[in-house]
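Have a look at these structures, which come just after this line.
The same subunit A turns up in both complexes below, where it pairs with subunit B and then with subunit C.
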Partner chain A sequence: MLWVDKYRPKTLDHVMVHDLIAQNLKKLVTEQDCPHLLFYGPSGSGKKTLIMALLRQMFGPGAEKVKVENRTWKVDAGSRSIDIELTTLQSANHTEISPSDAGFQDRYVVQEIIKDMAKNRPIDTKGKKGGFKVLVLNDVDKLSREAQHSLRRTMEKYSAYCRLILCCNSSSRVTEAIRSRCLNVRINAPSEEQIADVLEFIGKKEGLQLPSGFAARIAEKSNRNLRRAILSFETCRVQQYPFTSKQAIPPMDWEEYISEIASDIMKEQSPKRLFQVRGKLYELLINCIPPEIILKRLVYELLRKLDDELKHEVCHWASYYEHRMRLGQKAIFHIEAFVAKFMSVYKSFLIATFG
Partner chain B sequence: MAPILHSSQQWVEKYRPKQVKDVAHQDEVVRVLTNTLETGSCPHMLFYGPPGTGKTTTALAIAHQLFGSELYKSRVLELNASDDRGINVVRTKIKDFAAVAVGTNHPKSGYPCPPFKIIVLDEADSMTEDAQNALRRTMETYSKVTRFFFICNYISRIIEPLASRCAKFRFKPLSEDIMSSRILYICKEEGLNLDDEALSTLSSISQGDLRRAITYLQSAARLFGSSISSKDLISVSGVVPSEVVEGLLAACKSGNFDLANKEVNNFIAEGYPVSQMLNQLIDIIVDKDDISDEQKARICKKLGEVDKRLVDGADEYLQLLDVASNTMQAFGDKPEGFTYEG
Partner chain C sequence: MSKRNNVVLLSSDDDDGSINRSLSSNHCYKTKPKLKNSTTSRRLKKPRLSTSQTRFSILHQINLLDEDFNEMFTGSKVSPDTQRSSTLEQWVDKYKPCSLEELAVHKKKVEEVKSWFEERLKASKGVYKNNVLVISGQAGVGKSAAIHVIASHLGAAVCGWNTPTPVLWQEHLYNSGAGAQYTSKLDEFENFVERIRKYGIISTSFTGESKPSAILLIDDLPMTNGKAAFGRLKDCLQLLVYSTQIPTAILFTDYGNTDSADYNARCLEELQLSLESSGACKVAFNPITTNSIKKTLFRICQMEHRDVSADHVDNIAKASGGDIRHAITSLQFFCLKPNQVHSLSLFTHSPGVLKDECNKPVRSNDGYYLHYGRDETLSLFHALGKFLHNKRETQSSIEYDQDSFLIQERFSRLPLKMDVPEKILCQSHAQPGLVTGFLHENVLDFLDDEAIDDAWTLSSYLGDADILLAKLRGMLSSDSDTGSVLQSAAASVAVRGVLFGNSQPLSSRWHTIRRPQLWHVEKASLHKKNEMLRLRFPACKCLSSYHISVMATEYMPISKLLGNRACGVYHEPHQELLKNMDMEDVGFDQMSLYEQLETSDDDIEDW
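On to the complex of A and B.
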């Protein structure tokens, strides 16, 4: 078992990082007055962990006995009927789906599954454990507008049978109408000290000797992403143990690859180089690195190497092409356009400065 | 549908005014509608104004007062944006409902029961133009037996022919006094403890939107129990604390790109919504005295552009960084456009 899963806090009492939020959530559940919830925050900050712990608090250990199911829904959409296939995670009391996987048909999925749950609701409405089921929806920020609109009506209509727990990265992309119907819970990324504390805690449990400052160094490299910190901690353990204080922390291979691309671009600005870079970008895309992450990392690498004067210009174009990428269809066009733009800007900068 | 547990009922619903005369701050509308209650005659109505000022409440209250709960089902049709409201619905559902004739006398019920039905179209500005056009004739043909209430935020999105058929009422944003008195009333009913600072915070973060204020209040009460401080309210509302906004502005003023970049990174890691940040930035920038008009214009132009990009789903980090960089350029009075764009 990976350490990430092994040391995931199982109950709200064991949560280490967001203990305050956890206490408040616990209070919500014990008062039997649970509204719809919207968790938002950057990835690796512990949204999912909190949600799972919350479900356990609501339904007891049964919430962890989940089965994965591949379900197909038949939906009548106007004149024709369509089949939608989606993976669900289910326990007796809750269902978890990522409706955005269904693409533009997501609104049917949301409506159908909630109606479905309302039909098979638990009988003892006066029971201790709450007479409702919970539907966990991941990535609500990726839901289409229509789906979000239909969600808000559904939320009100079925609020007696089921509670929604929504989970997303950026709440900007969730419509105001939904936000105002939920209790919003902001989960911030843990600070570097908190990450270091968690790593030391894991080290102690595993019986490892940590040189001083080692945990802090991993935390610093992790970008305040706890999951990533724990993963790279485990990688270090596999690579070399006992730890030495100067042990290098291996960066992610795709990050290294992008930094290579960045230095390629800085070295030479020509159509030929652009062609080579395209090959490398394709390589990253094929390996399922999301395009916006590639672009962001590339900007990060470039900004590190540039003069202040150029930084403004580069970040302007980066945001410009990122927006277009979102509107367009094929990510490679826009990343490549950014690279080409950067090359031209950088080249004229070089000519202006050095002649 | 099973009755909703009393405890989990939304306060917004619980404290919705039941009678037209209880609607706060909207004097003209209340006067006209009280008159309607007496005489039983009523034009088509168009209510517009910012969210949370009582438009839906007024429409529902008048409908209830006119018909009473018994007749309500047969006399009032309520449609809002989440119901399907394309042109087909206008052609069938609305038209069918509008066409039914009604009896005149219901002396027993004790309500006025005027001889017409009401169709309430909530959030009418999200109807398509086609659907609105299809309504024009329907409104006139059945005007003997049907009254339309349109409710919308932006009157400019209602087509002119519809708007000209209605009596228009603008709903004003609620003033701070009225908000506070309503909030204090709810606090008293629910046994909450709210100090003065929290009260003024609540009025300022909800910006004249009473529904939002009540929602925040309920969320805070659920999370933090019966005594609520202004910090609790800020944490449930998703408003960015002003120190953070000022921090970013200060970083922009310093002219140090890396510092601003660090601030932006922190901001994203803290998980605040960027759209909220833009709203607060624009409030601060517009009010600042030490920024020239030209600088303000330049910053606001960028904010507008970025807001649109965020709506399109662009990445928050890059967009906020773009705002920061542009603001920095504006503060430094650097020429617009870029030197090396080739």
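On to the complex of A and C.
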């Protein structure tokens, strides 16, 4: 088992990073009145961990007994019926799905599943807490607008039977209507010190000797992403132990690849080079690196090498093309347009400066 | 299922009728009501209505004896209710070639086909193993006409399969109410072929006659829908090739390259190949040359006593694109217009007034209003080539007059040396998404090495087109009108963007046009995504699931770095996946372009 999973805090009491939030959540659940929740924050900040710990707090250890199920929903969409296949994680008391996997048919999924859950209401034998199920929805921000609207309706209609826990990276793409119906919980990215603390904790548990400053270096490289920090920590352990303080922290291969693309772009600005860059971008897309991340990283790499004078303009175009990428459907068109624009800007800059 | 003698023989008419009745009893009556309309719409191909055969052949024979008489005759006998038809009779039928000299097909081809039939008709049974000739050619190049003429030249009867008229659903309901059974056309065809193979065409009615030679002509193949039906047709035809004793001609109509993405056209191609591989001879008829079309047209003009100027004939011939049937029809149409008005108005107006009236519009329109062309089609690659090469006039010929608004120099381009881009798009019948994809893939090759600004303009426009196309997705099929407007707008933006963006087109040199790599990328990434989805649950030990982007950006690279340790975790599903991956890759390479088109389109739909 990877360390990320092995040292994931199981209960709210054990949470290290967001301990205040964890305590609040605990209070919230013990008072028996659980509203809908919306967790949002950057990737690798511990949203999922908190949700799992919360579920355990609500339902006891039973919440950890989950089974994976590939389910097919038959949905009646106007004139025809569609089959939608989704993978769910289910325990007796909760279901977790990522409705955005269903693509643009997501709106059917959300409604259908919630109805389904409402139908199979758990029978409350002890008369104690419960009487409702919890539905965990991942990537709510990736849901289409229609799906979010249909979610809003069902939230109201079935609120007696089920609670929703929504999870997303950015609340800005969740409609106001949904946000106002939930208790919003913002999960910050952990600070580098916090990450270093966690790494040292893991090191202690594993019985490793950490040179001073090593954990801090990994934390620094991790971009304040705890999961990533732990993953690279483990990679370092596999690659070389005992650790040395100068040890290289392996970067992600795709990041290296993008920095390669960036230096390609800086070296030559021509349609031919643009075509080569396209080939490399395709390579990244094949490996399912999300286009937004590619663009973001590419801009980051380019900016590092760029004269200050141009940075503003480049950022402007990057955001312009990111917006267009979201409007469009084929990301490569827009990433490539950005690269072309950058080349054009950079080339005229070079000509202006050096003649 | 009709049987028709060549024109010389008057005597076998009665036989025709009886054979028809015996062979095709099940769809006789349902075709009857259509009989009257069909007289006017009869074409070069033989009529498909079996019961009407007798009358038609009478008609046809007399047709040749005396045209004037014939006009009255058809008017009175065959379609007594449609008086107009005397003038509307189609020249295509009227001037059907009846000798080898009149045939507009190239002499050598005719000779080739003729000698092929001659040899087989003379030789005794079993000498030749292959008795099937496949004739292909685009529509209207005289395939069936050639067979008929050659048959009559050799004194052989042409016996043929003509597709029966399809049964409409309402008809079927009506028929089944009346107790008639419905048989699939494919079944009928299979039966027909079976019979031919076993008994030849010498059926009962022929026994008494001294008419040994016959040619089997299979003109229209039954439509097939789906793989299974197609397979049946293929097997059936192959059997025919292997075992038939009668010289047989199978006609295939090529649809040109333009429609080759079409499923049916591809089937036909496959069918042709399979026939050839099983031993059938093949003759391909080329489009008829402009000159021989012109010759034929002049001959008809002479016989009709019409005075059509050489220019017009020339235009008609050129516009027909090698389709002689079309050329004749447009000639008829061209000649018809003024005269028909004339004859109709005879009854209402005094002749003096009318002549000026009705000749005026024709005369004034003469120069530019002649629509005897048919719509040209372009292949996708031709159209793409036009856009990518971006040929322009060398210098602007337009003087800026006061009306035209001035454009800044950086926005102005030299005039295009081609039609309006939208028209070309229209002619190429390509889907906007496809065009955009192809343009995106190939356009960078056509840019000057220095022109990175142009590259930006281009790719920005292509991005616009993509956004327009993406808007379409949300709407699904509810709004087809808006959808098609959006689609054409997208294609137009893409094409014009490419034309505008490439401000200094390279002098044209040879480029191959690649198919968009994007399709492959989309497919591969989809595959990878599925793979990761399967890994997702084992990876996170069933407590929760990671999002796919987390899997891609963090788990997969790390698991690669961790090597062995991680392999332990991922071991089982991995092997299986690798196997799948390999198999799919092989499939990829072997796929032809068109299959690629289809499958990747599907994928995009499913995405």
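To be clear about the criterion, the second predicted complex is superposed on the first by the 352 of 355 C-alpha atoms of A that agree within 3 Å, B and C clash if a C-alpha of one lies under 4 Å from a C-alpha of the other, contacts with A are read in each partner's own complex, and residues count from 1 in each chain.
Following the convention adopted for this analysis, a residue touches a chain if its C-beta (ideal position, glycine included) is under 8 Å from a C-beta of that chain, and two chains touch if they have at least 3 such contacts.
Small disclaimer: the values here were computed from a predicted structure and weren't measured.
For the composite obtained by superposing both complexes on subunit A, the positions of subunit B and subunit C are free of clash and fit together.
Of the two partner chains, neither subunit B nor subunit C is touched by A:L54.
Contact with subunit B, but none with subunit C, is seen for A:S159 once the two complexes are overlaid on the shared chain.
Taking the C-alpha centre of subunit A as the vertex, the lines to the centres of subunit B and subunit C open to an angle of 90 degrees, rounded to the nearest 10. In the superposition on chain A, A:A262 makes contact with neither subunit B nor subunit C.
Of the two partner chains placed around the shared chain by superposition, subunit B is the only one that A:E322 touches, whereas subunit C remains out of contact. Contacts of A:L226 after superposition: neither subunit B nor subunit C is touched. When the shared chain is aligned, subunit C comes close enough to touch A:M252, but subunit B does not. In the superposed model, A:E234 lies in contact with subunit C only, and not with subunit B.
In the overlay built on the shared chain, the residue A:K311 is in contact with subunit B alone; subunit C does not reach it. In the superposed model, A:S171 makes contact with subunit B only, not with subunit C. Of all C-alpha pairs linking subunit B and subunit C after the chain A fit, the shortest spans 6 Å. In the superposition on chain A, the residues of subunit A contacted by subunit B and by subunit C overlap at 327, 344, 347. Against subunit B, the residues of subunit A that register as touching in their complex are 24, 27-28, 31-35, 40-42, 45, 125, 149-150, 152-153, 157, 159-161, 170-173, 179-180, 183-184, 186-189, 223-224, 292, 295-296, 299, 303, 308-313, 315-316, 318-320, 322-323, 326-327, 344-349, 352.
The part of subunit C that touches subunit A in the complex is made up of residues 440, 444-445, 447-456, 458-460, 462-463, 466-467, 469-470, 473-474, 517-518, 521, 524-525, 528-529, 532-533, 536-537, 539-558, 560-563, 565-566, 569, 607. Across the complex, subunit A is touched by residues 1-5, 7-8, 80-83, 211-212, 215, 219, 222-225, 235-238, 257, 261, 268-276, 306, 309-310, 312-319, 321-322, 325-326, 328-329, 334, 338-342 of subunit B. The touching residues of subunit A, counted against subunit C in their complex, run 1-2, 5, 8, 43-44, 48, 51-52, 64, 66-68, 87, 89, 96, 98, 101, 103-104, 138-139, 144, 227-228, 231-232, 234-235, 238-239, 250, 252-254, 269-272, 274-275, 278-279, 282, 285-290, 293, 321, 324, 327-330, 332-334, 336-337, 340-341, 343-344, 347.
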